[in-house]
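I've put the structures underneath this note.
Each of the next two complexes has chain A plus one more chain, namely chain B in the first and chain C in the second.
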Partner chain A sequence: MKVPRISPVFVLLVFFAFPALVHATRIGDVTDLDWSEQTFRFLSLRDAAVRNAVLGSVFMGVSCGLFGGYVVARRLALFGDTLSHAVLPGVALGFLWSRTKDPVAIFVGATVAGLLGTVVVAWIRKTTRVKEDSALGLVLSGFYAVGICILTVIQEMEFGNQSGIDKFLFGQAAALSSADVSLMGAVAIGTLMMVTLFNKELLVTSFDEGFARSVGIPVEFMRYVLLVGLTFAVVTSLQAVGVVLVSALLITPAATAYLLTDRMGTLLLLSALFGVAGGLLGSYGSFLGNNLPTGPFMVLACTSFFVVAFFCGPKHGLISKWLRRRNRVRQVSFENTMKAAYQVLEAGDFSKESVTVGALAARRRTSVAEARREADDLVKAGFASMLGSDDDGPRYSQDARLSLTPAGWERACQIVRNHRLWELYLTNEARYAADHVHEDAEKIEHVLGEKVVRHLERILKDPRRDPHGSVIPSLEDIERGAGLSTNPASATGYFRQN
Partner chain B sequence: MREEFFPTFDYGSVFVDPWWSGFESTFQVVLMGFFVCLACGVIGNFVVARRLALVGDAISHSLLPGIAIAFVFTSSRSLPAMLIGAAVAGVLTTVLIELIHRKSRVKPDAAIGIVFTTLFAVGVVIISIWLDNVHLDADCVLYGEIGLVPLRESFILGGANLGPLPIATMGAVALLDILLVIVFYRVLLVTSFDAGLARSLGMPVNTTHYGLMIALALTIVAAFEAVGVVLVVAMLIFPAVTAGFFFERLPALLFGVAPLSLAYSLGGFHLAKWLDCSIAGAMVVTAGALFVVAWFFGPKGGLVYRSRALGFLFTASKQKISPQIVG
Partner chain C sequence: MVHIPPPLEIHDLTVSYDRKPVLYGVDVVVEAGSLVGVVGPNGAGKSTLIKTIMGIVQPNGGWVKIFGQPYRKAVTRVGYVPQRESVDWDFPVSVMDVVLMGRYGHAGLMRRVSKRDRRIASECLEKVNMQPFSDRQIGNLSGGQQQRVFLARALAQESDLYLMDEPFAGVDAATETAIVELLRDLKERGKTLIVVHHDLSSAREYFDKLMLLNMRLVAYGEMEETFTPDLLQKTYGGRLTILSDVAGQAAGRSEFEEEGNPKL
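Showing the complex of A and B:
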């Protein structure tokens, strides 16, 4: 094969965008296949090989996805990796014993090897000072080396060449036989049954072993159930994804689901879905590339889901978190401006209905331009309006006048009330000195909810004045202000009587 | 075509012939194996002490795309290109793992699992699309091709032929690792076993960590084509853990790496000669066997020494049961 004379980075980018185009660049060795034709072949499920690959991917996605949920919840990710490497000698011995790619022999051999590997890890941990990570590493590489030795011997043997045993390293979904697929189906159904049957027990032991023991759940037994089931899932998935990458099918879909939900049931469902989708996309990708190994494509498909969830997940996604944080910052800035407007009005004994931008700037200790910008933001958000024909005048005039709308007035009163109530609470109930409470109240005024405020008012016996002697706006004031449409500040006649 | 799994054992063909008739290539393979084990074992002691064994595994997997891209660009096995590629991939691995587990609620173990499998998958895809059958075989990524080392081009320095290039490189890397450990011994020792103390003494804990990671990546890259990405992990962990059953102090553990490396290399070579299997795999199987021996019979915490049934053989003189206590 000739190395393509195209910039590899470009080809790589194109490859990830359109796998089919790269297929065209290798046209030298594959001439008779068109990618649309391949897609059609894949989607129409005409070939038995494609049918097996699709069914196998679905079953694999279900069993690995479901177990993956528990693997991620129990922080067994690296244990899963060890398990998947440790089954290799069993695969090779099963093959050697049956002398064909007999799914049952390989299944038995791999399961025995996987369980032996876990037992050895536990035994090393119990009898020596070797740390857990080293114990896992020892078993992972030691068992794997035995497997590699046996595999390289098998490849020298007569039956080894046509066997496709090397497909177990990186996976080849197209090489699945119908016997393989039925075995995978059995394990997938068994997994589903196990998860529904032991739903509660598995959930509790995964998150709180002590509690599980105290309510009489057989914790050790559940651990073995999970371990054996996990081994089954890994072993049957080997041929589709390969020894080295099967741990990704356990970890990545479940981690993706973990970014999207907080409920274990939903997590398992999503995880299985992502597993199935990743498996299907992966086998499609390798099918387009004409018998490329399946495993890496499945892993890349699963990772792309993870990347999308990582950035765009509604609750824990980076972008959503960033948007939420930005909104909060904006909200706090609005509220601070409105509070400043309220305080300016209060300083004038509520005789005026509007505040000048200059007074606002003095109160906020910012420049006039900055105060003007904040005022404009408030106007845009509907919390205030600019009075007069300011638009004709100079842009940064400090005499421009700002008046709060009813909604703005209500929020301003609430913020001031929260601030002063909290100051009073700290001095009266928490025994803070009166000159130490302001900073704290500055922070909490933006997050106190109505329920907490009612409670504070009850504790403090409906106070009228804060520790510094300022009047605390009451519920009636706020409502009265909000009820008046044109001139909220006139409602504050109430304060002057106090 | 062979029929049986275990060929009849013939002392002459397994132990004598390789040295008698093909001394040069035998010597080169064994030397390469020795250098690989030596370099990995020295670094591995610190990896094990810092509980980074599985991080080493993750790094060795995720260097693959860097190496593969370097191959694609240079169309050759030029070591500097591979090193640059691997360094980029190594940094990317660390950054991605940190990013995932800092910026989301995914736990660190899952973050490691996601990153290394993804990067490894990218590497395998690159290899199987552009490099398969040209420069390196995807399967060889997994178990290396140490047997082909004698066939590689020679490294000639000042007119003197210093043997095949990979051996010279691996030897240089092993020497560099040993020198680094000697020079920075104190810092490595303290930061590995008590990071808090190291910090209070004003030692550069983070710098040491990253320095060690760079040395680890360098060693893995140099050893990569001989033993592959998975078995290199064995070379990191086995010497330190096995020596731990005989010695307790770090200098002794470090000196223990040399004889163990020789044993792995020689034992693996002859085992592979007998079974006709992967030499790197056989080296790790030897390492595993020696580990099991040490696990059972090692004087420091070996099973036999700890067992009640057999303990009297070794500890009878120390633990004479005094009649007063029994009575």
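Showing the complex of A and C:
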């Protein structure tokens, strides 16, 4: 598998953004211990309850994260939501039947209810004209309402009060028993096995079901495996996150991963990772807050990951996009200033080695102050230097002189060459009129890469002059102008012909 | 002489969606090495025919045999190019991942793809000039490039019979030429190709045989026998003016030929 294209810095950022956030939630809570002692208690795993909560969160993160990857990639988010709500009557009935919080009874009840819910959805869709989304909504709300009714009945019965059935609504990781955790572990291991064994079958079925069927993949079977596995993952996670928010554990970590990668394998891995991290942070937060419901904390943690990825993701993140655009603008401004400097030098037949800020301003059609600022930027970026020291001469007047460094000179020549090659290409090959090509070239000159330039040189047969009669700068021009270039190979950039 | 079963034999095939028949009593036998264009108006059941042959849609009656066997037993001998719109191009897979899917039928259940599979996939990408894009996410491709990825995947299946659903839909001119060349090349190598096509005017030039479909099989045979005003009229029912133009073109051709003029 390919290494995910995510900078480690980013991952660290995501991880460290959190403790601070979670601490903030405990302000105002009444706790006997200092939060650092509480943290120590949590991390040392001395309490059985803490151990169960931590293990449970990890298992839940793995199974929900992995299944979530398929749910998001296959656009089944609404389906996952429906499934997670449809299990509630099963949970309640399982409880009613066993009269205690018996994990097996609840597991069986919830699984049956969840599967029944999906069958009803398919049935409605097949036999009526109601579309899938409405069918899902119908089943979600209908089953959920039934579940709430039975829960209310249970709570009014004599064993209902100390039952802990309410934990199923909003989740309580600390209330997990060892039996619960074993069940979660079994599902997590099963999920891992499923993903490794059926990796390619799940991939092709998710991407192109028709094609999968045509190459003999048992599509129905894969769908069944996915459905049953998903139900198991949801049902075992109920106690940790609660019915209300369990679908978030399916969707949010996977959606976060989807922002960060373009490969299914990486997506599954990241999704599981975010699921585990969210689960752990959630149970930690709940622990600090004297066992507040875990579900909201876990979902909050996962959602925060998403927000961070949304803004800072290296590829699709808003901030990254904005930074890239800003860099681009800066680059274009640099290049335009250097090009202006080149043109001023060219107008003087390259008799001088420096240009005045005033000449630059005239060329760029800006104020002297603006040209001065641009010149300073160039100096900062190492593309030019100001002649003379601060004390002698007119440092801030329009007579201040700017000289391009070898790097700046090289880039200036490249830009001018790009511009003129492109103009020539448009007039000669694309049959543009000579007075139509300048504006286009103004934009294109900044984006032409070496490959395109080489190609242009080839089809234009290494031209010397552009359509307006100006010389297209070449290797010799650079050496003549720079003079001080020590390493011609690097100084010439892509000007040199092999 | 040993009887060699034909690549495709369809017998009295009837398919319906929601009790509305889409295909009705289709009988056809396609001989080995044919390059067949399947044409017909919208809703004529062209895609349904392909999907039924592939076992994606279950027929209400009749049967399909691939090289004398039911589809399930001939899986590795059939290559498939679905319609481009049938998948989500934002799906997190690379070009290479998609082409490798063509090898899944050969790899077997729960097996990983081998080095050899990767090599074959890579060669197939080369054949459609998509090798430089092999690491790209499939959404970052043009329509023509996406279609070529699907073709590479079908090539990777190394099949004897190819079924293609609208491979020319929404592709650029260069890709169109490339696909035609590819079809010719496959035919030269003795493969059988059945291609759903929407453009009647280019069909005459691209294919050797035509299957005229409009719920019923109107005609199947060599281009000269099937590309006639009569049969085209029967297939399209003269509902669309552009098609009557093409039908006129077909009529014009036969008139010209009778007069000894060169072809259009």
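Keep this in mind: the second predicted complex is superposed on the first by the 377 of 498 C-alpha atoms of A that agree within 3 Å, B and C clash if a C-alpha of one lies under 4 Å from a C-alpha of the other, contacts with A are read in each partner's own complex, and residues count from 1 in each chain.
Rule of thumb we're sticking to: contacts are C-beta pairs under 8 Å (C-beta built on N, C-alpha and C of every residue); 3 or more make two chains touch, one makes a residue touch a chain.
This is a predicted model, so every value here is computed, not measured.
Once the two complexes are laid over each other on the shared chain, residue contacts for A:L197 go to chain C alone; chain B is not touched.
Legend: residue contacts after superposition of the two complexes on their common chain; A:L448 is shown touching neither chain B nor chain C.
Of the two partner chains, both chain B and chain C are touched by A:Y258.
After overlaying the two complexes on the shared chain, residue contacts for A:A371 are found with neither chain B nor chain C.
Shared-chain residue A:R75: touches chain B and chain C both. Applying the stated contact rule after C-alpha superposition, one finds that A:S247 touches chain B and leaves chain C untouched.
Considering which of chain B and chain C touches more of chain A, the answer is B. By the touch criterion defined above, A:G216 lies against chain C but remains apart from chain B after alignment on the C-alpha atoms of chain A.
Of the two partner chains, neither chain B nor chain C is touched by A:C413. When the two complexes are superposed on chain A, the residues of chain A that touch both chain B and chain C are 75, 258. Interface residues of chain A facing chain C in the complex, by the touch rule stated above, are 2, 73, 75, 197-201, 203-204, 206-208, 210-218, 258, 261-264, 266-267.
Remark: chain C residues 51, 54-56, 72, 75-76, 78, 80, 82, 86-88, 91-94, 97-98, 101-102, 104-105, 107, 109-110, 112-113, 135, 137, 153, 157 touch chain A in the complex. Touching chain B in their complex are the following residues of chain A: 1, 3-4, 8, 11-12, 15, 22, 26, 72, 75-78, 80-81, 85, 96, 124, 127-134, 136-138, 140-142, 144-146, 148-153, 156-158, 166, 169-170, 244-245, 247-248, 250-252, 254-255, 258-259, 289, 292-293, 295-297, 299-300, 303, 306, 310, 316, 318. Put simply, chain B touches chain A in their complex at residues 1-3, 5, 48, 51-57, 61, 69, 72-73, 75, 100, 103-107, 109-114, 117-118, 120-122, 124-126, 128-130, 132-134, 138-139, 142-143, 230-231, 233-234, 236-238, 240-241, 244-245, 272, 275-278, 280-285, 287-288, 291, 295, 301, 303, 306.
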